[in-house]
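First chain A sits with chain B, and in the next complex the same chain sits with chain C.
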Partner chain A sequence: MRDVAVIGVGLTKFGELWDKSFRQLTAEAGSKAIFDAGIEGKEIDAMYVGSMSSGRFVGQEHVGALVADASGFSHVHIPSTRVEGACASGGLAVREGYLSIASGMNDVVVVGGIEKMNDVGGNAATETLATAADQEWEAFFGATFPGLYAMIATRHMHDYGTTKEQLAQVAVKNHANGALNPYAQYQREIKLETVLNATAVAYPLGLFDCSPVTDGAASIVLCAADKAKEYTDKAVKIIASGQASDTLSLHGRRDICTLDSTVYAAKMAYKQANLTPRDIDLAEVHDCFTIAEICAIEDLGFVEKGQGGKAVENKITTLDGSLPVNTSGGLKSKGHPVGATGVAQIVEIALQLRGDAEKRQVNDAKIGLAHNVGGSGATCTVHIMEAV
Partner chain B sequence: MKGIGIVSYGSNIPRYRIKAEEIASVWGKDGESISKGLGVNEKSVPSVDQDTATISVEAARAALRRCSVDPQEIGAIYVGSESHPYAVKPTGTIVGEAIGATPDLMVADYEFACKAGTAGIQSCTALVKGNLVKYGLAIGADTSQAAPGDALEFSASAGGGAFIIGRDNVIATINHTCSFTTDTPDFWRRAERKYPAHGGRFTGAPAYFKHITSCATNIMEMAGTKPEDYDYAIFHQPNGKFPIKVAKMLGFTYDQIKQGLLAPYIGNTYSGATMIGLASVLDVAKPGDRVFLTSYGSGAGSDGFDITVTDKIKDLARDNAPTVAQMVEDKEYIDYGTYAKFTDLLYWE
Partner chain C sequence: MAEGGVARFWREIPQRYNLIGNKCGSCGRVFFPPRESCPYCRRKSIGKMKELKLSGKGEIVTYTIIHAGPENFKEQVPYPIAIIELEEGPRLTAQIVDCDIDDVKIGMKVKSTFRRIQEDGYTGAIYYGYKFKPLK
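Right, the complex of A and B next:
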């Protein structure tokens, strides 16, 4: 296995991007990453694209070839593959790109993630996202993701005494971080009362406990670590890539408050990196709902099971806390273009480890972790990155 | 457009009201939070015998009662609405006959979602400027439709405004007008469909806000004015939130828009919305007041107006017809069942 480095990153603004097409978004993020890496098209050995449901959101499938074409590479005939794993599509694309270099097959790979979700209405977006749940046993009975995560939240409250205020504090923290991120969908701070008094979505989750519907794209350029210096002096290494799966439906789990896919993917990653959770300086975790961030910091081993709510309350995960979580604003404030999210998390960790995170820069960040979840936890990827 | 402008005005708002809370209770929704979110507490509802034609006639008669214009001197009538009672057969002829303006009369019905009324003002202004008519009558009126259970049901309401445009005894000069138009499908109703469809959040930033801010900026550039030069501003009001937000984006204060902001009390009267807003401002305006108006019609476009109130407003018999404030206050609440009957939700063929 060869070491792999991130040598370029690119993001579009996240938000309601009515005046940009799917094609434009992918080309914008891709060209930014390629420009950042200083590579040429003919040097790219392969492309991997994460997109959850472009067919339902914009009526476009076959996006692997489309992304290569839109990026201006149709004439060099780059192998380009679309990867799908619900909201973990981006993380899976990163992992496929990583594996193809680590295996020795490729030297330079561009990984993209894209979703344009606003072109359908709110109801259609919710229905499309619900295709990531178990159609036969969940969606057909009316369950949507806010409902499923609400069940996780009520159980977590029952078992561990987690409070609605602690859930709300996740949103407040992530908005405070997002306010410092020029690419975030919502660049503004919010008050605890705003979260607590927001329109109910599915108890105990209110509107501000939920990540938004977002258009956006993200891209990174990966390179064999020993060749990274040929292109840039700002490389960041990916030192571990973990992935795990679990039951598609929530009710099939041994414990609905624990995402075993996270536990196993993290275990795989920590083992590969020869690190423990204590070694992590900062993390981007999958906060599709506020309860998801609380479960994530527990399942990644940052705090004991059941202590996630208290950790948030004690401000351990704020930008100046001992383990900053979601410095980008997370899915809640930065936005959640589902297929792009896993790639955008790698972009944020890379920026932090390069010292390029500007107003939200974490001091002395050396080791970062990115955690991307599909569905209610049926798929998970965990990547650990290190400053060079 | 020296000397051309509004000679008289009138408006009409049906007296029935339904509260957002009442609608919400039928659909199992939280009325309080919907009211807060939309900025609409209640909306006007047309009775079984009220439609765009009757509202237009009432508004036109109110305008005529306030001035001494001979209806026979009105050379053009344009009625803007998206709820004309007939698909084929003009509303304007009904109005023309009812007020005694026929037969030497140009008539056409306009449709441009919520801005067809202000489009009529522009047409009348042009006809007067070209000396083709002495007076033109521009009306914007609607009994707007909303599918049962749709978000629109909390705001789609009924009402209208009528403006006589001419050169003599002008109470408010139209100094400048312009439009900003693109093909933006944010809201539509296909032929023979009972209820409109809309693009959800697409109706906001790329539609309402883009067109109003662009048109408003253009009109201020034409007039060489800034927001603080105006005593009153009226913006299209599909709900109570959008006009406040767009005013803030452009640099207008709440004090400038509150007199023309009716959506919280009567909902969105569509083609009537900015017309009633302007009527409300003229109910209280003094000579010299400067008025800014930007309408919005889905599909999409905005009409902007820079208006100055003249000394002649003192001579207008404003008391000869009810003010907008009086019509807003003259109300009777109905329940959802009565609303369903009045708005033909319970139709059969």
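Right, the complex of A and C next:
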């Protein structure tokens, strides 16, 4: 296995981007990453693209080829593959790119993630997201996607005394971070009362416990670590890549409050990196709902099971806390263009480890972790990165 | 949700109308919906999975109240959805009916009841299946 480095990153603005098409977004993020890396098109060996549901959001499948075409690489015939794992599509694309370089097959790979969600109405967007759940045995009976995470929250509150205020504090913290991120969908702070008094979506979750519907794309350039110096002096290493699966339905899991896919993907990544959760300086975790961030910091081993709510309350995970989580604003405030999210998390960790995170820079950040979840926890990727 | 045509719903009728699951002939674990093989015994279970009608009695493991529902459920909101552990072991997801929303609790004993689940607009198919009500 060869070491792999991130040598370039690119993001579009996240938000309701009415004037930007699917192909414009993907080309914009890709070209930013390529310019950042200082590579030329002819040096790219392969492309991997994460997209959850382009077919339902914009009526377009076959987006591996589309992205290569839109980026101007159809005439040089670069192999381009679309990867899908619901909201973890981006994380899976990163891992495929990583594996293809680690294996020795490729030297330079561009990884993209894209979702254009606002070309359909709110109902269609919600029902498309629900396709990440089990259609026959969850959605058919009226379970919504927020409803599944709400059931995790209800049980977490029952078992561990987690409160709605603690859930709300996740949203407040992530909006405070997002206010410092020029690419975030919502660049403003919110009050605890706003979260607590928001319209109910699925008890105990309200509107401000949920990540939004977002258009956006993210891209990174990966390179064999021993060749990274040829292109840039800002390389960041990916020192571990973990992935795990679990039952498609929430009711099939061993424990409602634990995402075993996170536990196992993290175990795989910590083992490869020869690190423990204590060695992590900052993390981007999959906060599609506030309860998801609380479960994530527990299942990644940062705090004991059941202590996630208290950790948030005690401000351990704020920008100046002992373990800053979701410095980008997370899915909640930065926005959640589902296929782009897993790639955008790598972008944020890379910026932090390079010292390029501007107003939200974490001091002395050396090791960062990115955690991307598909569905209610059926797929998970964990990547660990190190400053060079 | 109605994508795939009538056959997609027709083929699930035994499970959704009568709670037909199956049991592994190797380890004795019970599954709902029925599985092609047992995930614990895998190859040892092939050809040994036996159909089993479940009692429909169980207990609420967790729940939510859906306020923002999908198109086919708009007229039903707010409605409770729960994960129920059946007395034979398997868990499933279903609506809770015939009680006040505020009475739904973790640990509540429930039993299955045959109900209309959703309908495809004014002229489309009506889909039936299980919901659960308090066991009194």
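Assume the second predicted complex is superposed on the first by the 388 of 388 C-alpha atoms of A that agree within 3 Å, B and C clash if a C-alpha of one lies under 4 Å from a C-alpha of the other, contacts with A are read in each partner's own complex, and residues count from 1 in each chain.
Operating definition for what follows: contacts are C-beta pairs under 8 Å (C-beta built on N, C-alpha and C of every residue); 3 or more make two chains touch, one makes a residue touch a chain.
Everything numeric here is computed off the predicted structure, so don't read it as measured data.
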Classify the contacts of A:M105 with the two partner chains as first (chain B alone), second (chain C alone), both, or neither.
neither
Once the structures are superposed on A, label A:M1 by its partner contacts, choosing first (chain B), second (chain C), both or neither.
neither
Looking at the overlay, does A:T199 come into contact with chain B only (first), chain C only (second), both, or neither?
both
May I ask you to decide whether A:N118 touches chain B, chain C, both, or neither, giving the answer as first, second, both or neither?
first
Hey, is it chain B or chain C that touches more of chain A?
C
Please work out whether A:E16 is in contact with chain B alone, chain C alone, both, or neither, and reply first, second, both or neither.
first
For A:Q135 in the superposed arrangement: first (chain B), second (chain C), both or neither?
second
Between chain B and chain C, which residues of chain A are contacted by each of them?
199-200
Inside the complex, what are the residues of chain B that reach chain A?
30, 33, 37, 199-202, 205-206
Parts of chain C lying in touch with chain A, wherever the complex brings them together
1, 12, 33, 61-71, 73, 76, 78-79, 81-83, 91-95, 106, 117-118, 127, 129, 131
Interfacial residue positions of chain A with respect to chain C in the complex:
123, 126-127, 130, 135-144, 146-147, 150-155, 158, 199-205, 249-252, 256
Chain A residues touching chain B - in the complex, by the definition given at the top
16, 18-19, 118, 121-122, 199-200
